[in-house]
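What follows is chain A paired twice: with chain B in the first complex and chain C in the second.
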Partner chain A sequence: MIDNIDLSLVDWSRAQFALTAVYHWLFVPLTLGLSFILAIMETIYVKTGKEEWRRITRFWMTLFGINFAIGVATGIILEFEFGTNWSNYSWFVGDIFGTPLAIEGILAFFLESTFVAVMFFGWNKVNKKFHLVSTWLVAIGANLSALWILVANAWMQHPVGMIFNPDTARNEMVNFWAVLFNQVAVDKFLHTISSSFLLASMFVLGISAWYLIRKREEQMAKRSILIAGVFGLLSSLMVAYTGDESARTVSKVQPVKFASMEALYEGKNNAGLIAFGILKDTDKKIGGKKVREFAFKIQIPGLLSVLTGGDNDSYVQGLKDHISGNEKLGIISTPEKMQRGKYARDVLTSYKRARLINDTAQIGAIKNVFKDKDFQNKYFRYFGYASIDKPEDVIPNVTVSFYSFHLMVVLGFLFIMIFSIALYLLFKGTISDNKWFLWIALLSIPLPYVASELGWLLTEIGRQPWIIQDMMTVSKAVSQISTGSVITTFILFAVLFTGLLISEVSIMLKQIKTGPKH
Partner chain B sequence: MTAMISQAFLQHYWWIIISILASLLVFLMFVQGGQSMIYSLPKNNTQKTMIVNTMGRKWEFTFTTLVTFGGAFFASFPLFYATSFGGAYWVWIAILFSFTIQAIAYEFRSKPNNVLGKKTFDLFLFLNGSLGPFLIGVAVATFFTGSMFTLNQMNQVHWATHWYGLEALLNVRNLSLGLAVLFLARINGLLYIINTLDDEALTKRSVKGLITNSIPFLIFFLFFVISLLFSKGFAADPTTGTITVEKFKYMHNLIQMPVVLILFLAGIVCVLYGIGITVFRKSFSGIWFSGAGTILSVFSLFLIAGFNGTSFYPSLFDLQSSLTIRNASSSLFTLKTMMYVSFIIPLVLAYIWYAWKAINTNKITEQEMNSEEHKY
Partner chain C sequence: MKPNISLLKRLFRFYYDGFRNMSGWGRKVWVIILIKLFIIIAILKIFFFQDFLYKNYHNDKERSEHVLEQLTNSSDNHDRQH
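Let's turn to the complex of A and B:
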């Protein structure tokens, strides 16, 4: 009934989606953050009437335009790849997942695309206030689109508000508000947009620092640093807060991902938070998977227990708790979940067989089983485990999860420091004299990009092997097309995206060198 | 009151929304039509810049409508999304590819240090302009001519050929609709150029172009419509959902839904009227008639594809796997939720109209091209 899938097809399909997502996310955060910075700058122009602020706004708007187009270009592929490469997924959850994508188009994309035209071309065509409103609407539209796609992604991490329908063989939405206000969605949205604001602020700060190093456009640079410094500091504080909230939620709804993020194999009370650590291979194994231990670590005792459970006596679950189970904590072992998942799949298979031969008595009886809350909660919620071959397969890549999470956190604290120093030096009036800091600011431009991509790496690799947590594995979600077709399109997209990225960076550098128009 | 709304009503409601989005998309492909003529229409660089800039100020609308069309199809008829996109892989990938290269071409083409050079980005615009409308036309034609797929008990698609969608290019009827859409996009592109550019020589050339593009459009469009009316169609039994082949199904649909027939004919008349007043009366308003006509005819075509118990995505390989608005739709709850969302569409249309007017108050002149800071 559920066909065996060629693994190389799954791998190439994943590679293609990852390629598109990674490239897309190189451009989107700047759009999300810079749009608000533009709106703030233009508001100052309209309020003060000073031409210099108009010039500043238009300069950053030019850079925004270059980046915006390429974000849009990669975005369309991402949306349609759910269908082209993950068609089984698209049917299995399309009843829920499609809704945020459609709302994104209707509510957000039109707002963004309509007013971006006014923003670019309306300077001499519409009055100041209409233009300002348009700039704000572009910022709101862009961030609204982030909301809906993140709601969709959050649902994959923590599926809520739906019920399985055996007739249609898919999950169907029963509570829209549960999907929208899913705790993972709320955390993810706030964390993602604040990190995008931070990234854009660093972009503006770094480029402005370059002008100061070159002793060019000093007034514009200092004014831009003021906006970027304040916006960036507030955003980086919000990133820290929402990141903490986000991790707390992950510990509850995706405990295996959380344990991987912390490389925590053995669950414990009074668990320490790893501030810095280097992992090494050991001879120990969980099933066929090697256990990784710390070659070196600096940890803050008890803090992980405090952060996740409220006090240092709280027990933090480890990977082994989930593989072998923990009766005391009521954690079911993975082999048991696999059994339950297989039972749920068998019930579904029996239902489909009864449908085929039109055995009405059997159809009615099995339908009642599906309506039974006990069956839903104890068996069907583990449906995806039926596709798991070995218990240890539910452990994601610990190395990638651990390093991506910890590097992201370290960078987060670094950003708070950079924005604080920028504002301190600016208000002290010595920012132009402190070349060391200007160089740090300039060289830091790529760091928020790294942090942002690491965040997605953790989100997506940390969720493996699931495409929908506990319900569907990635290998069962893939479209059954030829591997050769996917390899060909992967190469096509890789060449195209790389070419466009090189072109974008080159144009951007030239525009920065040219500077604002006088 | 909402408790009384049935799933059948909402399936029809959402097919209408999909049809509206599709018809708006085909109209907005005047942008692609204009792009497909950047090598042949302008006589000099200034004219080329003017054409690129008038199209460039609207490309986002076409792009966004395509994305929303995809999103709305996913939300309302997810089985189509899974089946067609996951099976006719190459057609959709080619469409996506052509739109991806369009999105950056406008912004990058005239910027210094763009690495690939202006000529490459102009080629991107030309490729999107030619391939985009043609391939979308071919993909939509399969709504009538069918595809080779089967669905298993879990509604998972298996494509029955190894061409994964490329086989659609071997069907003459698909090709004829693809070419008709391309030439219609070019006609609308010319009418939009006449409406928005202040350049006498270019207007004269555009009027000539209207005549040369109208002839192939009429040939391909009439061929498709006549073959459609006399072809077999795929009917779904209203009670059991069983699919059968019915002779002259689409002709029956037009006769049994006279309102759709009237809209379809009115659409064709409007397109011809838009061309006629531009060629014979030197009017600048042809785009609005032709645009309205495009919307009406595409809207009607979609209605005869999905309404009146018709399979809108027939399977030639396994008839009973064919998709109808009944078996491919989302659940009642989701369709209802989406219905509330759709109430905002008039507001969206209103602000698009307002912003469109604000930008298009005056025609684009050569002088403006020389002074505009944000220029493509």
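Let's turn to the complex of A and C:
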């Protein structure tokens, strides 16, 4: 899509899904993170009994409420798109997607909806402890809802715990726990929630900084900075740790994505970690695809090998290892995977024909082939390769993968610095005097949003051309609907979401200017 | 029976009072929620986002046959659009 926007159905469908997901993700992380900050603030109120903490909690709860209300139900549109634009995919994934999404729906409805009402309407009506429990349950419920969505997404990155049934043309879950505890799901969940905690902390820090700049609500601002600083610093350290774990898992289960993130074409021992780099076009090619090399780079020697393999002698696989194969490392070449995928497709075609003429003996025999683990592991797991035209087509957009990953990492370290400085100045008692820092904190509010969206960009662009890693290409997943209708809804969404975003920002700004009630 | 009615009454009063005493921003976001839900459910879902397989095929057998056809077809779906 980024390489070549040719206005085809698949590109418009992708653009529409990307637009919806990007906008939806503007609302979600603040809900996930701010709910925990509210729970912490309210816990202090209940423990200390100080009215000031109640006032602080209620102020941030107002901003939480605005974000929650504007963002609620924006995710439903993504589910509509699955059924309309991505029907082959929706059918193919079967209950793997259905089960986590159903659990998410039930959790979201019962935990969030019930206790959100207590959170907002329950002050002075229910006792303090019940109110506090409700606030914690909203936080836990919101984050558990996210878990199920992330489990579904993780399965697309690393499909496990299922078997394909040729009769229904669907994947059927055979091991729920394998799907739930898929290493990608665990990493993704921890990385996503910690980054959301960080985002909300920066939101609280930035707005509190604004109050200090304006010399208003200084006590509330400093107490909020204390919570946001500690929670933000811990979260940003957790983001760094879970990000590292995530990258290590990607290097194992999606090595092509990992090589693209590092723009590593040639695999090597003692591979360096690129701390900063600028890519340029070259005349070299892999098949028909241009190779991008570094015009400039700063790298830490050996660190990539250490991070992925444990020591600097370990070999980090490059893109060429996956295109041409590497016998020594047991990496199958892409042309070989394409052959295996085509064989799996031929078996499925034979099944389709047998069903057409009602050849029961043949139907039974092929069903047994699909139940065979050897066939599943050696052939069907490469089913998607049958739709690949040229081996180099399995390389995602290296430029987007590399820059989105590295910019996200740089921002991650910047956040650690900002929270550390905030706490240092707060404990020193000079935070109000350091206007330069207050302005940095205020202007940094959008940065975690940028980092969070970059993370998703890397996750999704880095997986291309697959919608389900190795099993289904994006172009196989799309429904045969008119491009015109997709363009129409793309424009409708752009208008709707922009309207919602403007509403959110304007209502929030008004509340921030008004400040907490006295 | 009586305690249940009393519980339901209390629950109703809880929500009723909550909505009635809602602040200005609360009323605004509720208007936005209702408009948004109307657009999403009454316009987008009904007119633009009908489920492709459920709209075009009558039963699961037909749907699975269609998807099987798509999966075993050697050309990509978007190629057929051009």
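In this section, the second predicted complex is superposed on the first by the 508 of 518 C-alpha atoms of A that agree within 3 Å, B and C clash if a C-alpha of one lies under 4 Å from a C-alpha of the other, contacts with A are read in each partner's own complex, and residues count from 1 in each chain.
The rule is short, and it goes like this: a contact is a pair of C-beta atoms (placed from the backbone, for glycine too) under 8 Å apart; a residue touches a chain by one contact, two chains touch by 3 or more.
Here the structure is a predicted model, which means the values were calculated and not measured.
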Clash or fit (per the criteria above) of chain B with chain C on chain A: clash
First (chain B), second (chain C), both or neither touched by A:Ala344: neither
Partner chain in contact with A:Asp167 - chain B first, chain C second, else both or neither: second
First (chain B), second (chain C), both or neither touched by A:Glu104: first
First, second, both or neither for A:Ala354, with chain B first and chain C second: neither
Which of chain B and chain C A:Ile70 touches, first, second, both or neither: both
First (chain B), second (chain C), both or neither touched by A:Leu457: neither
Superposed model, chain A: greater residue contact from chain B or chain C: B
Partner chain in contact with A:Val116 - chain B first, chain C second, else both or neither: first
Which of chain B and chain C A:Leu304 touches, first, second, both or neither: neither
Partner chain in contact with A:Ala152 - chain B first, chain C second, else both or neither: neither
Intersection of the chain A residues that touch chain B with those that touch chain C: 62, 65-66, 69-70, 72-74, 76-77, 80, 83-85, 87-88, 90-91, 117, 120-122, 125, 168-170, 352, 479-481, 485, 489, 492, 496, 500, 503, 507, 510-511
Complex contacts: residues of chain B adjacent to chain A: 57-58, 60-61, 63-64, 66-68, 70-72, 74-76, 78-79, 81-87, 89-90, 92-93, 96-97, 99-104, 106-108, 111-116, 152-159, 162, 164, 330-331, 333-334, 337-338, 341-342, 344-345, 348, 351-352, 355-356, 358-359, 361-362, 372-374
Chain B-facing residues of chain A, complex: 1-3, 58, 61-62, 65-66, 68-70, 72-77, 79-80, 82-88, 90-91, 94-99, 101-107, 109-118, 120-123, 125-126, 130, 134, 165, 168-170, 172-174, 176, 352, 355-356, 479-482, 485, 489, 492, 496, 499-500, 502-504, 506-507, 509-511, 514, 517
Partner chain A, residues of chain C touching it in the complex: 14-15, 17-19, 23, 25-26, 28-30, 32-33, 36-37, 39-40, 44-45, 48-54, 60, 63-65, 67-72, 74, 76-82
Contacting residues of chain A [partner chain C, same complex]: 8-11, 62, 65-66, 69-70, 72-74, 76-77, 80-81, 83-85, 87-88, 90-92, 117, 120-122, 125, 166-170, 345, 348-349, 351-352, 383, 386-387, 473, 475-481, 483, 485, 488-489, 492, 496, 500, 503, 507, 510-511
